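What follows are several structures.
One chain, chain A, links the two complexes that follow: it is found with chain B in the first and with chain C in the second.
Presenting the complex of A and B:
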């Protein structure tokens, strides 16, 4: 194993063995340029900032956060669809960050992706058979493609006779099944699901979630599951990482995170979800003021400090925040066993953010 | 005291003739909205929730659709008005907020000027006075620095602020009824919470009725007092939030409630509704839900069940006897609690 990986793996849980994927200090900044011929960099979008986490074999790691928080960029970096500005990605202990296209090939078979929009992610001019069969052709696998594609179609709950149909002949849910079959074709170890059910109606969403769970059991898959829907993430994930403005601010087991959030942002995010038919008191809701700041010019120190109710409570007077919140980003440290949180003043057990918000 | 009925939809049918056949988007719908309440309409895509409200606003053209039934707004049938008369009601007494705040503001004009235009379209007053009123409105919907923001273009607003501006625009003439079509679907949860609070505040302050259309049962349960569940252009069940969410009587509602992963507990395997929503051109005979319904029996594919109270306390459209419904729902609840523990 690479030395840097062991060193930085402060959060690594020894009982779970080797992580399948480990990400260390991953950073991605997109340049904003001005000028047509002589392009001058004028600013940078801080999409992902110093992110570290690991994914263990067989688990589902949920990535949640609001739009623009860097969830999808993180996923793309993981799969090396885009190159990181700095930081390292380890797949089964091998550093894949600097691998060339050709060297990356064998790893590509092991990591696949399911996309959000089943209307945009399937080529309308190709038949279902050739879409699902493409991975076999590209990776020049042995055996008869048609038979294997039909097995896959059957496995994801589609009629194998529809082999020669085109994507437009299917409903949204069926198209998403095509996407799942394609991702599954090469029997990968890791599947990154980027909002796979967000575009679907609730009754169909449940079908796809169940399918993903069944496939995980059957093929021992590992998922990185991105969603903005906190109910869906809780349902499917074993562990969850919460992102805000490019940073991972909290990582914990799903139940632990929802019952006992430590980071003020997580607490606010959870309280904002309409609880539906549960008997939660509406006054429990913490409404954050303002919008997510621009990632081009993120706030200094902890990026959440301008909106943080807890920081204002700690500072005591309205409109001010503690010195360290303003100047230094808090490290992602362990607050309790395998519960990581990046906050100078994490919430104590049972502490309500509500009081802070009204103070 | 009986509350004033603001809107009453009676046996509404909206059919669109297309090359493939007649699309029956809305097919016999009845409901009432009272002053001072938030009336929720839930349903999946294609269930006819938006078409109903677009028809009420006269935004569906007679040339392209066959419309029958009545939509009574404060006793006046909106479907009988000509476009001139309708224009006097629309935007004044009857206002609408749309789903996508990015598409609903004109990108070339300043937000303030768009509000002024909305004001001047129903009321004669000096432009300066209208501008003052627009600034006040921006302030009342919680836009910081309304004076400066008045001169901004829509692209300078964030998603949440645009939706606030849309709400301000809907409020310019103190409407009696506000129709909000998926007002928070395009927004993040924390911003969604802000907008939901704002709509609540507006409702109480102006004492108006609100129709909230959404596919998110959580949002409905949080803000609405009564709810209508729609399926394939018809009502499946209608009642207060407690009635529909605590003792639902229609198998479709059961399926919806069981399909949703819950935030408050890890839960167990979801119970999806089998199959997918029907084509609105070749609707199944009888109850449109019967091909997906696990409790169907002979009668279901013969005749369309009427929306009526069958003894359960609120109107629903399912042939099962009330005893069966109560028993099946209790069984499904028990199975779920057992699985969760």
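Presenting the complex of A and C:
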């Protein structure tokens, strides 16, 4: 095992054994270039900044955050679909960050992805059979491809006789089943689900989520589940990591996070979830002021400080924030058992941000 | 709060459900069956196909007809075929299409001309497609310096005048002249158009999510270029391919009209039209120009109609 993994694994939970995937200080910055011939780099989009977390075998790690906070970039970095600017990714203890495409191929069998858009992620010119069968053909596995593909189709709830149909002949839900079958084909250990149900009807979402849960039990799968739908994430995740502007700001067990958020951003995010029938809850909503800052020029210190109600409360006046919030990014540290939070002034149990915002 | 959402999400699971769940009577159809079903219903395409098959039959039957009527394509019947002024004579007896300026049978020569036209056009189109598609995918997918080299090479070729190079090469001994030379000239100037189209399509297809999905299952570059992107190029390739066949037939006719490539006594439509021009311009010998011209027209029309029909039937998204 690479030394840096154990060193940096401050948040590692010894009771859960070796993590399947460990991400250490992962950073991705996309250059913005100007000019056609001499492409001068004028700025960088800070898509993912110094992100560390681990995923344990058999669990589902939810990754939530607003659009553009770096969830999908993190997923693509995990699967090495794009290369990281810096940081490391360990899969079962092996550092896969620097592996070349050819060297990466054996690991591709172990980690798969389910994509958000069930329309764009299936080649419109290939039959369902050849889409699901592609992993077998690429990895030259033994056995008859057609039989195995039809078994998979049956397993994900499709009619195996539709083997020769094209993706456009299916509805969104059925297409997403094709995507699930493709991801499942090589019996991977890890499946990264990038908003797998966001493009679907609510009734179909439930079917796909149930299918994913059934498959997890049956094949002992580990999921990284990305979504901006907090209800869906809570339903399916064991642990949840919250991202804001490229940073992971809080990690905790699902129920713990929802009941006892420590980071002011998490609290604000959760308060935005519609709460069913009562409208009395509306008064408890924490409305953040301003927009998410540009990832091209992120704020100094804690990236949340310009919008943070808690920081205002600590500083004591509406216009100012504490010095350390402005100058230094708080480390992602354990605030209680297995509950990590990157905040200089985490919320106490039962503390309401509502009060903080009005104080 | 979120609990209510998750309760809701635990709705009834319906494996195999969804709108597509159909009874046991549904049979899976292969793509070919689907294509054929659509194609059969397209009457214009069937007519185009009929014309193409007809012209191919004409080309194949040329020697047979030649022996039936008993007039070799290069035999000059000057005594009955041309009048006292040297003008060709109109259709008579077994010379149902009339004579050309050297007293040869226009029926037999037009049929032999079909052989030359179809062979050259189809071979040249095939060569163009192979080169154009390969370099287009390569340039669009690899980008960077590969793209720069291919694109600049295309610009270079397109800046050379087509007919002038043809005429210039025809006086040299390049490729021994004849059909090979014409195929070379047509293919050399034709592939850049295909390569440009394919390159553009590849540039956008390489960013498609299904390409990313192929990466994530570990597909090598070769697989992505030829198994993921190429099938999506089928429609444009087919559309331009079928537009190019008639274009190449016309191109071949133009070159042989100018005397490039096909030399006497071999018959080619363009060359026959060229020979007919002075007579028709004087209002004489309409048959000399009509029959090769008609053959050219039927062939071009047939391939165009067939191409349109193939496109409609092969594109699963084309609603009818």
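Quick note on the criterion: the second predicted complex is superposed on the first by the 355 of 359 C-alpha atoms of A that agree within 3 Å, B and C clash if a C-alpha of one lies under 4 Å from a C-alpha of the other, contacts with A are read in each partner's own complex, and residues count from 1 in each chain.
Everything below uses one rule, namely that contacts are C-beta pairs under 8 Å (C-beta built on N, C-alpha and C of every residue); 3 or more make two chains touch, one makes a residue touch a chain.
Keep in mind the model is a prediction, meaning the values are calculated, not measured.
Number of chain A residues touched is higher for C, counting chain B against chain C.
Look at A:258: by the touch rule set out above, it reaches both chain B and chain C.
Of the two partner chains, chain B is the only one that A:228 touches; chain C does not reach it. In the superposition on chain A, contact of A:291 is made with chain B only, not with chain C.
In the overlay built on the shared chain, the residue A:60 is in contact with neither chain B nor chain C. When both complexes are overlaid on chain A, the residue A:207 reaches chain B and chain C alike. In the superposition on chain A, A:173 contacts both chain B and chain C. In the superposed model, A:269 lies in contact with chain B only, and not with chain C. Once the two complexes are overlaid on the shared chain, A:52 sits clear of chain B and of chain C alike.
By the touch criterion defined above, A:127 lies against chain C but remains apart from chain B after alignment on the C-alpha atoms of chain A. Under the contact criterion defined above, the residues of chain A that touch both chain B in one complex and chain C in the other are 171, 173-174, 202-207, 209-210, 230-232, 234-235, 258, 270, 273-276.
By the touch criterion given at the top, residues 1-6, 8-22, 26-31, 208-210, 212-220, 223, 227-228, 231-232, 234, 316-317 of chain C touch chain A in their complex. Note for the complex: chain A touches chain B at residues 66-67, 171, 173-174, 201-207, 209-210, 213, 228-232, 234-236, 254-255, 258, 268-278, 280, 282, 285, 287-288, 291-292. Contacts from chain A toward chain C in the complex involve residues 76, 79, 81, 101, 104-105, 108-109, 112-113, 115, 117, 120-127, 134-135, 138-139, 156-159, 161-166, 168-171, 173-174, 179, 182, 185-186, 202-207, 209-211, 214, 230-232, 234-235, 258, 270, 273-276, 281. Taken in their complex, chain B has these residues touching chain A: 44-45, 158-161, 188-194, 196-197, 215-219, 221-223, 245-246, 255-264, 266-267, 269-273, 276-277.
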